[in-house]
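There are two complexes below, and they share subunit A, which is joined by subunit B in the first and by subunit C in the second.
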Partner chain A sequence: MTMISAASEGEAGPVSRPRLGLRQWAARTNWVLGLILLAWFVLVIVPLAVLFSFSFFETKSYFTIYRPSLNTWISLFESGRFEVTLRTLRIALTVTLIELLVAYPFALWLAKGCRSKTLRAVLIALLTIPFFLDTSSRTIIWRAILGQNGLVNSLLMQAGLTDAPVEWLLYSEVSVHFGLVVSLFPPMALPIYMAIGLIDDELIKASDDLGATPWQTFSRIVLPLSLPGVMAGVVFTLGPALAAWVEPGMLGGGFVNLLSNSIESAYTALRYPVVAALSTFVILLLLALLGAMMLVARRFGDLSSSFRVLKG
Partner chain B sequence: MTDAALSQGPTSRGGPSYWPIWRAIGKWAGLFMLGLIYFPLVWLMLLSFSANPLSGIPGSFTSTHFRALFASTDWHQPLLASVVIGLIVGLVCAVVATVVGRAVPSLARPGRTLLLFVLPLFVPGMSMGAALFIFARSVLDLKLGFWSIALGHFVWAFPFALLIILVVTTRFDHRLVEAGRDLGASGWRVFWDIEFPILMPGIVSAALFGFLMSFNEVMRTIFLRGTAETMPVWNWVQAAAQQSQVPIIFALSTIVLAVTLPLLCGVFWLLFAKLDKS
Partner chain C sequence: MKDRFSTHSQIELSRRALLKATGAMAGLAALGGAATLASPARAQGETTVRAYGVPTAALKDWTPMRQSLGINVEMSGSNNDVGVFMRDVVASQLGDEVDIFIFESGTEDILGPQGLYAPIDESNPNLTLWERTSDDWKRSAVVQDPEGNQWGVPVIGNADSFGYFPAKLGIDPASEEELSWSLMFEDERTRGRVAYANTYTYSMGVAALYLQSKGVATFEDLANLSAEEAKAVADFLIERKKAGQFRTLHGSFEEQIQLLTNQEVDVINCWEPAVREANLKLGPDATRYAYTKEGYFKWGHGAYVAAQAMERDNVDAIYKVLNYFLDGEYRALQARDRGYAGPNMDLGVEYATENGWTPEEIEALRATEAKVNRKFSKPFVSTTTPSNADVMEEEWQRFLNS
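Moving on to the complex of A and B:
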């Protein structure tokens, strides 16, 4: 989100920074930075590497056998887990697609169409606030709204549209999709907004002046330049959707088993290699889907130029 | 002056928002989604004051559930744990993010370091929780508890805190430091009297964001809690176990929302209003 703007502004930093007199101070800060980097490495990279290597062990009668084998990985594709994987993929991809279709036009409007500065600031704040709210209480309330005698069914019945409560509204795949779409909207909309906001208005104006139709301006200028935002949005939506646990647990009512449920049941059964393999699998799925997206996106625009901001 | 009139143009004419229909669709679809995000919060507050929240429809307002909540002491310990862990995570996030955020822009290749620090943003919460759990429990053979929850929360909250700090540190004008040095101030004084006050809004926001990210975290906590319990996890367990506890959770969530929402509005006021001026 802010990463893009921060990094691009950072390019100017080293040049304008005076070298004289600051050297001592910088040296000391870098020494501390090195320590922090080391601690961060131990906290993030090492556990992820351990996770990956643990997936090659296996469990026999509650004990982890520390001998490398592919048995745990092979068992992932047996015993109905393959079905769970397909369901998780289907739901995660559907949710991401819906988010993209709703969030892109909204982000475009917010970045280029919304004229009031105050309204824009308020909407961005409203988009950011949900990141900091408790997911479980926000999700459990949907039970009261979508349930048999909840708000939606009461309204439907009062309007005479149905005689009996609509049952598939809650504890079904529909409600899981719904819960995910609602809670993952901000992570998709914000990065796209940031990317479109960085596009210079002059470019769009120039395109208009040179006689391009609105569609040409969109497909040749706005869309390619907003691709990094779309990619970031997809990462922040697809990742949580693949590992979704609160929404399927609370709104699926035990009928919608996803990979996260498999991870949790393996965790309670103390089968840590299975936990490791499934967690690694979720990360690998995310990477594979992103790789596929990048290949598709390359046809629309020069991605390397988009990532230049990250290299600094 | 015709240029000034023209420069008003792009925002209204630019891109496909040129088509009024697309602009309207984009606007209203997004506003509808925002409605879907915030409507449940209002409904939750209404239900927490209703006599029979499980019916799903608010009505006959009473404060019974709040009195039941205050009569019970079960939630005190999880709430206290969440607040203490949140405070520690917020404080550590603010300090570490300030150190890193000041150093990163002056590095030769800031991109790589930055990417390493924001990596946890790209790893699904469940996978990160499982990774930390296996590392601490099976490899290091440590007993999990509040400390591991705090570490897991720190890994989750730190990238956000760092990105916020970077917004202020990359804008910082280093000529101010130079001027302070020329006038004979020591390194520490230059930092404390010149740099710190300017970075202040970012540091406060980083601390608050760190606190709130930690305070509401569920996925990583599930793996890292050992036998300890934080409030979101307590909420989750109660809600999953018995329906009779739900009214009390509604009441508790309402109180938490009433505290967090103004806090968040404060952060945004700090970030938007204060930073735009400087």
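Moving on to the complex of A and C:
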């Protein structure tokens, strides 16, 4: 305790004067903060407010009727469109969780376990290849593999494991999950790999030297310090999964109707209020989700402290 | 339309000033693609007509037209989405740059009365083939609005039904018997083996046509279902979906071909060229495109003149191009290169004969003419812009989410 206090005092001593200077500077230049807040208000809050207010109009024969009503919101529930939002959230969260469970051990091994630099370079190169390929081209291949006359069903039937083709391999929620997990593996794995790669090996050695078990080293050193990568991976995976359009369209057979498909359908009838209502609904759900995630994150400790690893 | 709450005022505003600057920029951006579809460098002194629309209406090579008319056509391709197309025409004010718009039927119902399309001058001396063009084409809903105003000239068209595998359904591949749309919706032989287009304007009308033919419901306009009518169709489709009738929905031409060539389904409501493409891989007549008992999704592309173009100095050239769309050269080239029919197919046969085409090519043109005449005698004419689009889209979503 004493050491920590001394260290804190020692740190606070030399930096206290510049901090004071910063405050004075900030006090003199209050307009900078005001400008940032104004820009944030104009660029973020105003469009959201416009979006929200637009959801109270409706469309008739391709024309937006600027008469406030709840019709669009009512129709959102009557047509089952709100289910689209919930379905999208459910699938996106499931895919993100699967990615995390698969990508974290892989990234840990790649960063700290893989001793061959060549193998590591090859694997990282393989992870980046999908960024250079069109999603549609990558996804459409799976239809030939997972279809009733596809490779998987042929193998299953030849091996005598099934008598008839397994139908749910394609055009089902299972195939949509599969397509998304395959597509979004690199965005989850790469940031985690980067974060774990930045952890100083000396910290891990010190933990070993002090008698910690591998699990203790992992849970008290590696996991907290890799949280920035995990957070980045979750954001890079959850965002595209929420906006997924190609995979549900190509592998879901049209009946796994997700948000992007539903919004696109509304656009064809120029139903901008429906698009606005759907987007508002998603934002509200995401805010609730974010709040829940922050509550959970607090249980793991001070998230901001884990960003110190980036200084190294 | 006078309602102060409607977007009509927005359009007026955009027309005047607000969007003019951005519109001009967007228009130029849209026309940026012109190079890909435009003919080679313009000859000196040659009149130019600028067109904007779906690329399927373009000739693969405009040289024959330039040689025949002495007119250079610069065509930029539009998106197939009617919403995108109308946004380009309205918000971007493309009429300031473009002389002719070419799109699938429906836009004329909205953009014509709004004054963005100019009415067709049927007495224009350059429109020499107008009189001989049959009313089936020139007075169809593709080029007229519901009030009968003439906003366009027919360009190409077809009557869509469904592709099927004769062998799987026990039908003689050579047979041209009329099949029922029940194969699509209710036949036990096809349960779980049907692909249905995921577009409400394309798929709801044929379901309504089937229900009407069965005598279980009546519809005022199969292409434009009211709220109650759309609900009746959606209820039927939901019931069939729950019965496991549909294997999948499809959303693109490439998907249609893949579903057929992989034999993932036995029946699919699709474009005719998809069947042709599948047969290239599977062998002649492995799949067939149905003649139906009840009718077809009849569609057509029209050419519409931009209102602003009537004040420019190339109106004669514009009307010569419109007339060319009715003539034999365009007809024959479109039928041969893309397989599409259109008005005055007999002139296409005449052109092919006079220009030394092979007997097989001429016979194919005659077959196309006979096929279209047979199909076009049945209902119904489709539209991309049903005025009840909002309720139809809503009910289609209910079907998808059920």
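Heads up, the rule we're going with is that the second predicted complex is superposed on the first by the 213 of 312 C-alpha atoms of A that agree within 3 Å, B and C clash if a C-alpha of one lies under 4 Å from a C-alpha of the other, contacts with A are read in each partner's own complex, and residues count from 1 in each chain.
Convention: contacts are C-beta pairs under 8 Å (C-beta built on N, C-alpha and C of every residue); 3 or more make two chains touch, one makes a residue touch a chain.
Just so it is clear, the structure is predicted and the values come from calculations on it, not from any experiment.
Novice: Using the touch definition from the top, say if A:Gly239 reaches subunit B (first), subunit C (second), both or neither.
Specialist: First partner only, subunit B.
Novice: Between subunit B (first) and subunit C (second), which, if any, makes contact with A:Gly197: first, second, both or neither?
Specialist: After superposition on chain A, A:Gly197 lies in contact with neither partner.
Novice: Could you look at A:Asn149 and tell me whether it touches subunit B, subunit C, both or neither (first, second, both, neither)?
Specialist: both
Novice: Looking at A:Trp40, would you say it contacts subunit B, subunit C, both, or neither? Reply first, second, both or neither.
Specialist: first
Novice: Would you check which partner chain A:Gly249 touches, where first means subunit B only, second means subunit C only, and both and neither mean what they say?
Specialist: Once the two structures are laid over each other on A, A:Gly249 reaches both partners.
Novice: With both structures fitted on chain A, tell me whether subunit B or subunit C touches more of subunit A's residues.
Specialist: Counting residues of subunit A touched by each partner, the higher count goes to B.
Novice: After the superposition on A, what does A:Ile140 contact: first (subunit B), second (subunit C), both or neither?
Specialist: Both partners.
Novice: In the overlaid three-chain picture, which partner chain does A:Ser262 touch, first (subunit B) or second (subunit C), both, or neither?
Specialist: Only subunit C; A:Ser262 stays clear of subunit B.
Novice: Shared contact residues on subunit A for subunit B and subunit C?
Specialist: 64, 140, 143-144, 147, 149-150, 249-250, 267
Novice: Taking the complex as given, what residues does subunit B use to touch subunit A?
Specialist: 6-7, 9-19, 22-23, 25-27, 29-31, 33-34, 36-38, 40-41, 43-44, 47, 53-57, 96, 99-100, 102-111, 113-128, 130-139, 151, 154-155, 158, 163-164, 166-167, 170-171, 174-175, 177-178, 181, 187, 209, 212-213, 215-216, 218-219, 222-223, 231-232, 235-236, 239-240, 246, 249-250, 253, 256-257, 260-261, 264-265, 268, 272
Novice: Going by the contact rule set out above, which residues of subunit A touch subunit B in the complex?
Specialist: It is residues 1-3, 5-7, 9-10, 13-14, 16-18, 21-22, 24-26, 29-30, 32-33, 36-37, 40-41, 43-48, 50-51, 54, 64, 102-110, 112-115, 121, 123, 125-138, 140-145, 147, 149-151, 154, 181-183, 185-186, 189, 201-202, 204-205, 208, 214-215, 217-218, 221-222, 235-236, 239-240, 242-243, 245-246, 249-250, 260, 263-264, 267, 272, 275-276, 279-280, 282-283, 286, 310-312 of subunit A that touch subunit B.
Novice: Mind pulling up the subunit A residues that touch subunit C in the complex?
Specialist: 58-67, 75, 78-81, 83-84, 140, 143-144, 147-150, 167, 170-171, 249-250, 253-255, 257, 262, 265-271
Novice: Inside the complex, what are the residues of subunit C that reach subunit A?
Specialist: Residue list for subunit C touching subunit A: 3, 5-8, 81-83, 86, 110, 192, 196, 198-201, 241, 246-251, 254-255, 258, 262-264, 385, 387-390, 392-398, 400-402.
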